[in-house]
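As structure tokens, here come the structures.
Paired with chain B in one complex and with chain C in the other, chain A is shared by the two complexes that follow.
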Partner chain A sequence: MSASNPFSGDNDSARRRETAMRWLLRLGSYFVVFVTVAIFAHISHKGLPALLKPEFPYIDTSFLTELPGTLHVIEDKQGRVTQTSPQEAETIKKQLGNELRSEKTISYAGGGILGPIVGTALLVLVSVTVALFLGVCCAIYLSEYAKKGKFIEMVRLAILNLAGVPSVVFGLFGLGAFVLTAPVLTDLPADRAVFVIPLGFTNLSFQGWDTCVLSGGFTLAFVILPVIITASEQCLQAVPQGFRETSMALGATRWQTIWRSVLPFATPGILTSTILGIARAAGETAPIMFTAALAFKDKLPWQKDLPPLPADAGMFAHWEQSVQRCLGVFTESVQALPYHIYTLAAKIPQNEYSEQAQYGSVFVFLILVASLAATSIWLRIHLRKKYKW
Partner chain B sequence: MDFCYGSKAALQGIHLDVEYHRVTALIGPSGCGKSTLLRCINRMNDRVAGARVSKGEILVKGKNIHDADVDLTQLRKQVGMVFQKSNPFPKTIYENVAYGLRVHGVKDKTAIDEAVERSLTQAALWDELKDRLHAHALGLSGGQQQRLCIARAIATMPDVLLMDEPCSALDPIATLKIEELITQLARDYTVVIVTHNMQQAVRVSDFTAFLHLGKLVEFAPTEELFTNPREKLTDSYLRGTFS
Partner chain C sequence: MSPVSQQPASRPLGPLLLRKKGFSLFGITRASLVRRFFSAMASVAIIVLVLIMVFLLRDGAGFLSTYRASLDVYRKSGMELCDLLEQPVREMQDKSTSLLRRALAHELATLTGEAKQRRDAVVVLIGKVQAMSAPERAALEVVLTASAPPETLADPRDQLRQATSRAAMSIPIPSVLSSREVEQFRRELATLTPENTELLPMLTALEAEFARQDTAARAQFAPLSAAVAACEQAPAALYETLVPLHKHARNTKELAQKRLSSRDQPEVHFPDQLKPILDARETLLTRLDDYGSRLKQAQAALPAETRSEEAAELLAQVRELLPEQAVQTAGIREKVLEWDGMHTVSMFHAALGFCFGPHWITNSPWQDFYGVVPLLTGSVLISVIALLIATPLSIAAAVYTSQFASDREKEYIKPVIEFIQAIPSIVLGFIGIALLGDLIKSVSHWPLLAWLPGFPIEERLNMFNAGCLLALMAVPTMFSLAEDALNSVPQSYAAASEALGATKLQTVFRVIVPAALSGILAGILLGLGRVIGETMVVLLVAGNRIAIPDFGDGLGVVFQPAHTLTGIIAQELGEVSRGSGHWQALFMVGILLFIISLVVNWCARAFARRLETPKS
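Right, the complex of A and B next:
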């Protein structure tokens, strides 16, 4: 006698819907993965050659170590094409003599992208320093000190709204606030200063910082500030209340409690969100367009012409000039990767010769962002192990 | 003393004299205000928005703790607290015990070493843990963690030790150890303990206060309260006719 199955299903439509939904969700996820992989594959395929060369050791670092320049494309009468830099173009043309058939020049597409990489690094450095400081202060205040109430809700709302502001608006804000009106200490205020406060020994002049790394970095800081505040606050809230209570019950002040028993355990999360903030800051174009970035610059920020020192200059003068050179990088305008990509994509003629620089820049940028993301994951795993509760 | 959360009165007309170097137990049904009362004594309720003592005063060592010239950190240094859930910091055993000293600015390493040894000894942990003081505190068992929390609380040499259901998350053997410990601690500290477990109150305390709905129903020497309660309410609670 075969026993009848007491668990036989009877609701076919529910089961069908279950299967249909599972496949819908699965296909949706697969599609996203497919698109991401396709983008990466396409960019790698087209961009990787910029970092390779046909001979051993196959890796060509010149794309990473040279400044951008004009690309010269020279064709001789046999139809052989050479892509080269302006200097070498002259020699090649002399060698070819009458054999020269045509020469094309494409701005920005030659050389490497060292300038933009350095510029982006400096912008990120400034923006993350500023955003981390302001963001963590704000998050600690909101999470630990502020009394719950209408005011705090309004501050939170304002921060969320800040995240929704289009980045070009941040750019214009940065132009108005940092480039044109931010205060500087100077003995000789510029005519365009909004107003000047005499301090006796010098003047505090609201004349702006000009387009420079500092202006761009501060602007970018405000772009990533909402992310950092929100994430930091969540990380602080995730630290068990018990730590705070215990610490206070042992007679710690609020700051001692935060410093010893809250912040250390929120740090992994804060750092993770910071690194994601870095990726965002590195990729923004609009905020730096008006505040820091140049389409082209043939010098690195520290290659500035300073007055030559007299031959008998002492140690101190040399030292002072080095410091001046180092600090000077923050008051220089720079090239930046995302803006360079924009320039290559939109401001120069599109042809087979400009393609390599375009895809190469994008590829390098993607690698940088991917390695930042990887760092953040590594950091999270590593620190979680250390500060586990 | 009256106490309220915002407009909601949590404690009314409590009058309680806690005896020096004795164990006083606070018992009563859930929500009767035992923990609130306990947390009044070191002003932990200050952290709760709207919570305040609305009438009366709390004197510790003869000083009204709500006076303007009372420094909260000093109050809490001298009135230590052990929580219901054992909650050591995710640091080493040594750092857990040293925490209170460090926040009070003790820098001298030998002083901290001595305090750690003394506290762990008093908490009956020294022999078990002296060889791994720098191990992570979360590697300890539940009972050890709670004793570590006691050691941490007594490291600053408080006069009063408040304990909020210190055994509620522990197994019977760990509970027994903590109870022994409480009895011993009463030699050096004035202990106030909140407990759900009436047998525990009998075992560890010298005095018992029975609270019901925010009011102090009866306060008497433990033996007297349990064998011969004056109030009917106390009697029916002890018999288990309501909880």
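Right, the complex of A and C next:
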């Protein structure tokens, strides 16, 4: 066939080299894809059983609705193994009596992961609220108000650098700033307060918020701030310039223009990128290690022991207490899903009984984070098709 | 607009039409207030960056003076002198004696190898049989501890006996025992019950046989045994002299610490305290010389001939090592003579100690050291491993997707690689502990791969494992930046190249990739930033051994465990008291990380800026 074109030289070796190279590149990209899929499949394969049971309806939600606890593994003389909670372990041991062969306990690995899920949700709530407010305001300035200049250069540089700061350094910052220094209103300032401003009726004491949801949430907010700013700015820039010009031509002020003609069209995009921020905030471990997370807690954040109300307490007292309960959620330290996984992976022995709790938590966590990220990506594609101007 | 109609016609209309209604406070209109609000919000990024630095410095800044003071006491109490003398000697000792002991073991094995093998096999088998009947054994123990009546004991005892004899009959016995011995041993194994408290006769016999051969062998290798003993004993006198000095120095340090914590304590007069140690310096030096001469004697006593090749090799190493050590001893002598206990430690010395100190030792009863080198080496090595793995993969993937892949392939390669970004680092760390560690370890034990450096590996958690996982984390960053850069190369470049007759491959690698190179490099640097700052993966997977990796075994170094800058903060900060030297040291490590991240970011930006220039 080569004879048909007298000008093509002996290209065989070049062609072979080309094919080989092409396959090498293809192999490289498929290797990455394969590894990712394999990790996902491995976690699903090992983690899914934590959410399943052998009988109808096959789905076992107890792993999601129970608090973590100690796992008791009881073996009887026939070699039957029961995994159970501390309370049930007592009754089972009594039933077995002489038939008991051995009992093992594994901390953290029993029960479910409700506490960590709730804790992570609270942390994400605080961090996204703070980051969204600061981030969108910053993006509005960058995209709508800013003129070229030194200040804007510096802001952009700061955002870029903030994105590169290691997460454990954010943890140190959160510890120094929020846990140990942030201001609180209190009648009795602690000794460790950096300084105290007397306000007359009370004191503004810079003694920090202690390890709690608020400290962790604020720390995480600054971790995801660059993501939110960059994405929001892109969304604002994507709104056509004509919208602004039309609005201004009709006599609207700049703020009216932003509020009525720019933000409504940018909001879906901003919210989409927020979801990505949520996924990031939920996945970070190092920033919350010293600012919010606990290895173990046997209560949900709102189950706090408040002094019982007197029997004749009025409605106001009840109301006050429930408000206190709700707000108290933010000043408690909590378990968080990534930190729980760290505890499970690093602090307990690796064996067949701890495996289910480990893989189960990892599976649920991965599904949560991945579905958030997938939703965000899907929405972005969908919105791009919908808003075409 | 009503005001307009009320105005006299002589006044110009323009400014009035443009005037906007609205309140103003101290001359600041609402519009400018809004503007100011947003500009204040925009500066949050700058403020946070500054605040990070401020809070890191607030807790870290005191470190240098604390560390200086601690090192000052360390010197003035004479502890430094003790370490100056003892540490290098101990290191030398460890090296030479371990070589000699291994040589002796090889030599002995040539004569007693078989007897030892037989004895060990029997010990292992006994353990196995006991493990096989463990459930029955445990059951019997439960009954025994419950102090049940004797008649209930018969049943579990019987069960245990049956289980033991079953195990004894079924267990495979290696061929080191002859068939007659196997028969006898199985019979003996069956009697392995708790009532039988005596050692099995077979084991006793083999032990005795081994002991007899061992004594005979030791007699035959008497010169080597003597050399080993001489080498082991060489520094004994030196150590003995040091013991009271240690005690005295530590005492001085405690006095100084007491004085630091409360003013009521008497001030420590260091020159007086140091006097006994300085007085002992001469004795120490004679002991050191004595040690040197003993080393020479030991070398002279080394036997010329050996039975095994391994021993010959090891002895050759010892012969090279001992003269080196004699030279080192002279070096130590000089250092000890030069040492000036009253010379105050400077800030600069403390800073050097932090930046270049080879030890990170905390909570030590002797002296804490905060040298960042072992952590930095770990971080850098892991990052290098990660980059070496991630760079070719991500560039291949980027080139493939942007230049060769069909649209359908693109549709799933890109989302999957971007999906990696969404995998939380703790999940990858868990994969490293639960899956990858064992995988790498078992692969390294394949005989086919034994030629690779460092194989087979012992540690499941090591730098290579962490590097692999971090490579996966870095891939999406590098991939998307590289792909963007490749896609933004103007179409005309490729067209021109193809018009000149270049093949697709030539076009890609000689035209498009070079044009996108600065973008690709920026991606690699940002990937590096991500890798070096990553915490959870290295904390879980890197093995957390605080020591400078031993580069002696070449590339195999990557299979050693290590600790990292990020990992040490995450691991230790939770356990130290606020404001202590250790706490401050961890914040200093944080400052170091912060600076590294700024520098990496700055470099990446510099590369990215070069990318923008040709386009505009």
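Everything below uses one rule, namely that the second predicted complex is superposed on the first by the 346 of 389 C-alpha atoms of A that agree within 3 Å, B and C clash if a C-alpha of one lies under 4 Å from a C-alpha of the other, contacts with A are read in each partner's own complex, and residues count from 1 in each chain.
Just so it is clear, a contact is a pair of C-beta atoms (placed from the backbone, for glycine too) under 8 Å apart; a residue touches a chain by one contact, two chains touch by 3 or more.
Not measured: the values here are computed from a predicted model.
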So, A:L142: does it touch chain B (first), chain C (second), both, or neither?
second
With both complexes superposed on chain A, which partner does A:V362 reach: first (chain B), second (chain C), both or neither?
second
Scan A:T253 for contacts with chain B and chain C and give back first, second, both or neither.
both
A:A373 in the overlay: touching chain B, chain C, both, or neither? Say first, second, both or neither.
second
Classify the contacts of A:N351 with the two partner chains as first (chain B alone), second (chain C alone), both, or neither.
neither
If you stack the two complexes on chain A, which partner ends up touching A:Q95: first (chain B), second (chain C), both, or neither?
neither
Give one of first, second, both or neither to describe whether A:F265 is in contact with chain B, with chain C, with both, or with none.
first
Is A:G242 contacted by the first partner chain B, the second partner chain C, both or neither?
first
Partner contacting more residues of chain A (chain B vs chain C)
C
Once chain A of both complexes is superposed, is A:E284 in touch with chain B (first), chain C (second), both, or neither?
second
Overlap of the chain B and chain C footprints on chain A, listed as residue numbers
253
Looking at the complex, which residues from chain A come into contact with chain B?
147-148, 240, 242-243, 245-253, 256, 260-261, 265, 387-389
Where on chain C does chain A make contact in their complex?
20, 30-31, 34-35, 37-39, 41-46, 48-49, 51-52, 55-56, 58-59, 135, 138-139, 142-143, 146, 392-394, 396-397, 399-401, 404-405, 412-413, 415-431, 433-435, 472, 475, 479, 503-505, 526, 529, 532-536, 539-540, 566, 569-570, 573-574, 578, 586-587, 590, 593-594, 597-598, 600-601, 605
Show which residues of chain B lie in contact with chain A when the two form their complex.
42, 44, 47, 49, 72-77, 80-81, 83, 85, 87, 89-90, 99-100, 102-104, 138, 149, 152-153, 156
Interfacial residue positions of chain A with respect to chain C in the complex:
14, 17-18, 21-22, 24-33, 35-37, 39, 42-43, 77, 79, 98, 100-102, 134, 137-138, 140-142, 144-146, 151-152, 154-155, 158-162, 164-173, 175-177, 180-181, 222, 225-226, 229, 253-255, 279, 282-286, 289-290, 338, 341-342, 345-346, 350, 355, 358-359, 362, 365-366, 369-370, 372-374, 377
